[in-house]
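Shared between the two complexes below is chain A, which pairs with chain B and chain C, respectively.
And now, the complex of A and B:
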């Protein structure tokens, strides 16, 4: 177990590696309904959240998809 | 661009009408001629579509099809800026058509007062050079994505809710990036204009971006300097904009070829 530094929605955050995107949203208690995640500016399919792990200095953007018009 | 296209030199009035954009390298005379010979289909004539259509008409897109089955409600006037109290209860497609004809009666504007579905979409978009998804329901957005992908018709998507707006340009020609179905696969996107509300100009920001991207494409085709396949997220309160690549999903029902 190592501590790594990641950037989540423009905020620095220290987390214990290994940590997946699913574990990150659970840790941050984010409602995943309608939520999309990009790791290092590439969107990760929700299917792959649990198998996508974070590395030191990774950037994560978590945002809600909108559909209104 | 589309099969019925023919090139007419700009007359004196056109040169005057379009003088501000003719100065732009991304339009110029050849781009203006392409705009005149283009056909854009605008699906959804609410906060996005009513504004998008106004800009397409202003810029001289030769053929425009307006599609929406809805009527104008008083709650629309806060953000759907091309309608006013005189239009209350009228079909949006017809009201907008009448307003846009006043801007430029020489353009070939058509309207369809209907909601799109998988049966009518292929015909509606069959001669389109691009489609603009200005709808507000996730299922409709999925249908438009699938139909444009099947027809290889470029698709310009925009959406807004609360103080957020988002957009995506899709070439729909299997060049490797993901499509809208890849984006929303496994995600339960909320239907949010009613439940979450939206500030009028935030929808306008999405519409302005969407119209800009479509116009640049229609003027210069795929050589236009626009970004395809990037998901743009804007926060109107912070004035921030982020762009993400959208990889194709290996299980996407629309754009993944199992072979």
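And now, the complex of A and C:
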């Protein structure tokens, strides 16, 4: 177990490796429905979240649907 | 019935979910509007436990979700936003909007056409927000869009059908549904658009910012239905001179 530094939605965040995208979403208490993730600017399908692990200095962007016209 | 990409919808009023004071009011307004299709936007998650309740409320209503690409400044960003919304919802519907200029939020026609072409090829049902340009609307139709969404006036401006003469040309030429998006401020304007023969209208600000959004949603629903009914009934011709409705017999004049 090592600590790594990732960037989540432009905020630096220290996490313990190994950590998958599923675990990151759970850690941040984000609803899975209506959420999409891009890791290092590439979209990761929901079905791959549990097998996609974060590395040091990865950039993660988490998007969700909100009110809009 | 409104048909978009082989799907049929009973309502011709699409509703946007922005600017409501809360998700409960939004849900009641969408319900009163009887809308089957409702728009959403995509954004980065702000912080823990601060999630928008909009999606949950809309899931409960069982409406078709139409995520938009608002915030995209070019075709590449719009395609990325559409792909994100596909991953988020598993839905192929997308309201394509690319408006780099913040003051008027006018859609970029070149980037919109480029993005539309790409998204159609990727299998999306593309509904592009666009200027009321009949030539552009034909081009968007040619690349396979499910509908065109020309503006009546700038987004959120409540200025009504400033583009009316061009909307008429678009309706005349289109073989795909025409949905007037943006600018409609009053039920009477929605009705006027429907009388003109557009297939549907999208209303957000006029409902969300009304003193009573639920009552206003209901008013828009009636107006859209009435306007459509009038269009289907076939409006009478206009004339520059009077054309008598009563027989012009001279029965009041003394008989000879």
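The working rule: the second predicted complex is superposed on the first by the 64 of 69 C-alpha atoms of A that agree within 3 Å, B and C clash if a C-alpha of one lies under 4 Å from a C-alpha of the other, contacts with A are read in each partner's own complex, and residues count from 1 in each chain.
Convention: contacts are C-beta pairs under 8 Å (C-beta built on N, C-alpha and C of every residue); 3 or more make two chains touch, one makes a residue touch a chain.
Because the structure is predicted, anything quoted here is derived from the model rather than measured.
Engineer: Once the structures are superposed on A, label A:28 by its partner contacts, choosing first (chain B), second (chain C), both or neither.
Structural biologist: Second partner only.
Engineer: By the touch definition at the top of the document, which applies to A:46: first (chain B), second (chain C), both, or neither?
Structural biologist: both
Engineer: Please indicate which partner A:36 is in contact with in the superposed arrangement: first for chain B, second for chain C, both, or neither.
Structural biologist: A:36 contacts both chain B and chain C.
Engineer: In the superposed arrangement, does A:17 touch chain B (first), chain C (second), both or neither?
Structural biologist: The answer is neither, since A:17 touches no partner chain.
Engineer: Now for A:69: first (chain B), second (chain C), both, or neither, which partner does it touch?
Structural biologist: both
Engineer: So which one touches more of the residues on chain A, chain B or chain C?
Structural biologist: In the superposed model, C touches more residues of chain A.
Engineer: Touch test for A:55: chain B only (first), chain C only (second), both, or neither?
Structural biologist: Touch status of A:55: no partner.
Engineer: Could you give the residue numbers on chain A that contact chain B in one complex and chain C in the other?
Structural biologist: Residues 33-36, 38, 43, 45-46, 61, 63-69, which sit in both footprints.
Engineer: Hey, which residues of chain A end up touching chain B in the complex?
Structural biologist: 33-36, 38, 41-43, 45-47, 61, 63-69
Engineer: Okay, in this complex, where on chain A does chain C touch?
Structural biologist: 9-10, 28-31, 33-38, 43-46, 61-69
Engineer: Mind listing the chain B positions that touch chain A in their complex?
Structural biologist: Residues in contact with chain A: 44, 46-49, 133-138, 141, 158-162, 164-166, 178, 182-193, 196, 198, 203, 206, 231, 233, 242-247, 249, 251.
Engineer: Per the contact definition, I'd like the list of chain C residues that touch chain A in the complex.
Structural biologist: Touch residues, chain C against chain A: 16-20, 23, 26, 39-46, 48-49, 51-52, 54-56, 59, 65, 67-68, 70, 80, 83-85, 87-89, 155-156, 202, 204-205.
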